[in-house]
Amino acid sequence: MPTATPAQHTLHHTGSIVEVQQLAPLIWAHRCHIPEIAASVHPGQFVHMRITEGSAPLLRRPFSVLDANPRDGTFRILFKVVGVGTQIMTGFRAGDPVDMLGPLGSAFNVPRANKRLLMIAGGIGMVPLYFLAKKLFESRRGIEVDYWFGARDAEEIYLLDDLRQWCNTVVPVSEDAGFEKRGRVTDFANEWGSPNLVLTCGPTAMLREVQRITRDMNFPVYGALESFMGCGLGACLGCVLNTTDAGYERVCTEGPVFDLHRLELGP
Amino acid sequence: MPTATPAQHTLHHTGSIVEVQQLAPLIWAHRCHIPEIAASVHPGQFVHMRITEGSAPLLRRPFSVLDANPRDGTFRILFKVVGVGTQIMTGFRAGDPVDMLGPLGSAFNVPRANKRLLMIAGGIGMVPLYFLAKKLFESRRGIEVDYWFGARDAEEIYLLDDLRQWCNTVVPVSEDAGFEKRGRVTDFANEWGSPNLVLTCGPTAMLREVQRITRDMNFPVYGALESFMGCGLGACLGCVLNTTDAGYERVCTEGPVFDLHRLELGP
Amino acid sequence: MTAAAATCVDLSVKLGSLRLKNPVTVASGTFGYGTEYAHVFDSTLLGGVFLKALTMNPRPGNPPNRICETSSGMLNSIGLQNVGIDRFFSEKEPNCQRIASAGVTIFANLAGQTIEEFEQLIDHLETTTAVHAYELNVSCPNVNKGGCQFGQDQTLLRELVIATRKLTQRPIIVKLSPQVTDIAAMGVLCERAGADALSLINTFPAMAIDAQSRRPVLNTIAGGLSGPAIKPIALRMVYQTAQAVSIPIIGMGGIMNATDAIEFLLAGASAISSGTANFVNPNAPVEILRGLEAYCIEHCVDRVEQLIGGLQV
Amino acid sequence: MTAAAATCVDLSVKLGSLRLKNPVTVASGTFGYGTEYAHVFDSTLLGGVFLKALTMNPRPGNPPNRICETSSGMLNSIGLQNVGIDRFFSEKEPNCQRIASAGVTIFANLAGQTIEEFEQLIDHLETTTAVHAYELNVSCPNVNKGGCQFGQDQTLLRELVIATRKLTQRPIIVKLSPQVTDIAAMGVLCERAGADALSLINTFPAMAIDAQSRRPVLNTIAGGLSGPAIKPIALRMVYQTAQAVSIPIIGMGGIMNATDAIEFLLAGASAISSGTANFVNPNAPVEILRGLEAYCIEHCVDRVEQLIGGLQV
């Protein structure tokens, strides 16, 4: 089901940051102007971004696209500050140049027949699902989306107003007492209903739980996965995950969107 | 004659940048607030500055002090953009923290008896001599200073108004047609008069010329020297220059101010 | 010189019996089989492409994590994942043919676990004109069985070079491991055994630990270090080996830009590869090529070969 | 645990017959003889100080340039500049005595060019209580004559360890060169010959070139690479050697902060040294010590020795 989007034009772009938003203490969103990416990116796909001209950090960093506006040639990424690269990115300002590869990887694909979707987002895993929810809403295909958004702290749950516009229900879940539902998002599996399709993205521990639950409930499920990346282009074979049926597959090329039931997520 | 200033207190300081000036396309001055350094630094001494918390560049960078104000606890450094470290420094803003070792090294020492001084500055070699000229003027010891300031382009000659306040004569020399005197500062040795003492700082090629000329003319001469530095504290032995009488000496400890006639500056 | 003179710089370099149209190549394992970068730049601009390691049978490679970043470098333990020689012919060879016919020299990187496997690989590859030379990967630090020893055992290495040298008219290039006491001696040994050129260096065995979880970051514990971190070591090894051998050297290890590439040429390399750089800046090979040309013009160098070994000591 | 528990962490580590009050030491050649950092931090906080290399006669060292920066690293070719054993006693020994009496373990780094010179150095140093152990510098890549070979020649190295081991009750520590095919084998050899501990690693032979002037940056062409660039290699070497020997290891190579230090302990080092870090941040040793203590508290580690070799594979 993940579509291998054929890259019709060059994937290596320079552009600029046009807007910087801080959504929570550690959560930032950057709007970038690169018309080629804005015009062709699909939910689930990512950009591979150079952080510095220098060598600290050396490698690019991958980020899912949060939304895109082909008309003005911009799109957004949203990131959490977790290390050296994302720390540096908090210093980026509107007007700064950016160097990105993209759009890369496979996208979420929702077949016509699927009218009831369940999205399970954990932390910054909300990003590709936000984009997908928005796109589906705009497609006016009459799809109902239940969007569960879990995080440790209520602070790490944001953009709910946007999501509420597009989704049937939006259920924030945090481990602190910030929302009605307290705990982990997978603690509430009995309230997930019976969707045609589950779409998910989040930390591996959560994905493992979602994999187990959807397997038990017999739901089809697609997830957007992460791994350490080198090239982002399929050349280095650094980013693989193990599948049950086809050995190692590349997150940057076959993924990041995979049939979750095909993946070996470890114990 | 260079005085080994005994370090009475700790040499490792953190402080902040309080003012950033751009004096020419590649020339910047930063005013820093570190009262311990402002209170104790002498002309010729330097600070050893950490450029980044990260590792690019890894090593500190040495900069002479341009002037110091013990009353408000600030001092200035002036630098030319020549590579990765100085490039990064152009991004520093008022309010940014700085981490410096200092004051380090030996200072210029002008004995009471010397009333007629000649200063020969090349490029950013103007820095320690600017500080010295200022200090001597403020000391009201009735010392007459002729300050020759050479650079490739007129653009790289700056702060002349300050110097004119403090010096008997200030003679800018550039290789373009920016000033009356065109050429290299050492081309005008016949106009240097007969000083009691010559003080100099600049590129090695210039120092070599000054060494030759002052030897021929039998002038005593002290110069502030440069070298690649590691520790800045005398421990690594990385920064040495060769002397005629005592083997290798450390620029960071025995120097940067040396009796120029003692140094082997190479061919 | 005027800008018009740009076209006058002869960028071609001799590599044994081959002539590369320019000295800029991409390192094995960092450029796949030449298709992956198709949407980033025109690979027919390159002087050469070193293909990803080939083995007779398909190899699954190592479990993840396979890569991680270090200060100015990266570790990898891909584990020679590749489709094997048969699928190379069905899936990859046509594209190599396409690039080759545009004048790019194609180097097959062979990662046999036995001398026989190297021989079989050459036997198969002799049948295609899409490959111009063989690079013997005797130094991959990631394969536990066998892989390591060729590059570190003088007797085995000599045997391997002699055996493979007999099988083909095409140049045999030995890619040396940096994890040896005296790399120049290994180079001399290869030269005497009949090697036509040397590639140096492969990655350094190295590791990373996550202090919080107290676990190695890579699944295989150790991997190979590449990138700017190792450049000063690679440069010294190229210099030292170039002093000792008269066969040409392909220099690599942390080359990120034209200045780095020029340093390797000056140290004695006849051609250079960018590896990790391709991940950081996929356009790096093209920028290196352009920068090299600009340097030649600025320094009045008519033929890039004049730079080779031009270090003034 | 509460903050009050901080004082409960036992930071001391055993190093052969010695007990260091904590595992944080400073590497030879980066801390002079202990006085140079006096105005920066209180060196009596350290677990140990490795003194700058000593030779019998004063040595002038190499001509400048002696150092230069590389990506996440630096090259040095100091050339063992030192005042010689006599002036060590007159000028440096009193301060070592002062630090030693504050409970800091003092290691003399010996850089003989012959076995006899090593023996003479030990003979002289046996007369002072300011030194607790000898570190044999058999791997300095900067000295052309002799210096290199001890660390890379198994027979010579064995002879040296056996010879020096006879002369003293104090621990003999061999500082290994990374420029060997199998560092663990060198460690085993030293252990069998009677060494009490190993230091690893020394710097890597490496070089830098100025592409504009086409000259080497260092006067000696090659120098030794240190700093974060080499950390992944050093960590792997410590891990691999710790698997092979049962004598303790002092780990170093690019340690910049407490996290790095913990990684070396987990890999199997009993103590660590900061070297290049001291230039970048003269307060690094103290920050490493504080960070190590904080880590122990956070991870409920009562004795820092529990971390040694604690990598979970």
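For the reader, a short list of remarks on this structure follows.
Just so it is clear, A, B, C and D label the chains in written order, and each chain counts residues from 1 on its own.
Everything that follows uses one rule, which is that a residue touches a chain if its C-beta (ideal position, glycine included) is under 8 Å from a C-beta of that chain, and two chains touch if they have at least 3 such contacts.
Small disclaimer: the values here were computed from a predicted structure and weren't measured.
Shared contact partners of chain B and chain C comprise A, D. The most distant chain from chain A, with centres taken as the mean of CA atoms, is B. Inter-chain spacing, taken between the CA centroids of chain A and chain D, is 47 Å. Spacing of chain A relative to chain C, judged by their CA centroids, is 36 angstrom. Rounded to whole angstrom units, the spacing between the C-alpha centres of chain A and chain B is 54. Counting partner chains per residue, chain D shows two or more touched chains at residues 71-73, 227-228. Across the assembly, chain B contributes 55-56 as residues in contact with two or more other chains. In terms of which chains touch, the assembly is arranged so that all chains touch all other chains.
Residue ranges of chain C in contact with chain A, taken from their complex: 29-32, 36-37, 39-41, 52, 60-61, 63-69, 71-74, 76, 78, 81, 227-228, 256, 276, 278-283.
Residues of chain A that touch chain B in their complex: 52, 54-56, 84.
Residues of chain A touching chain C in their complex: 7, 9-12, 50, 55-60, 99, 101, 227-242, 247-248.
Remark: chain D residues 71-72 touch chain A in the complex. Contacts from chain B toward chain C in the complex involve residues 55-56.
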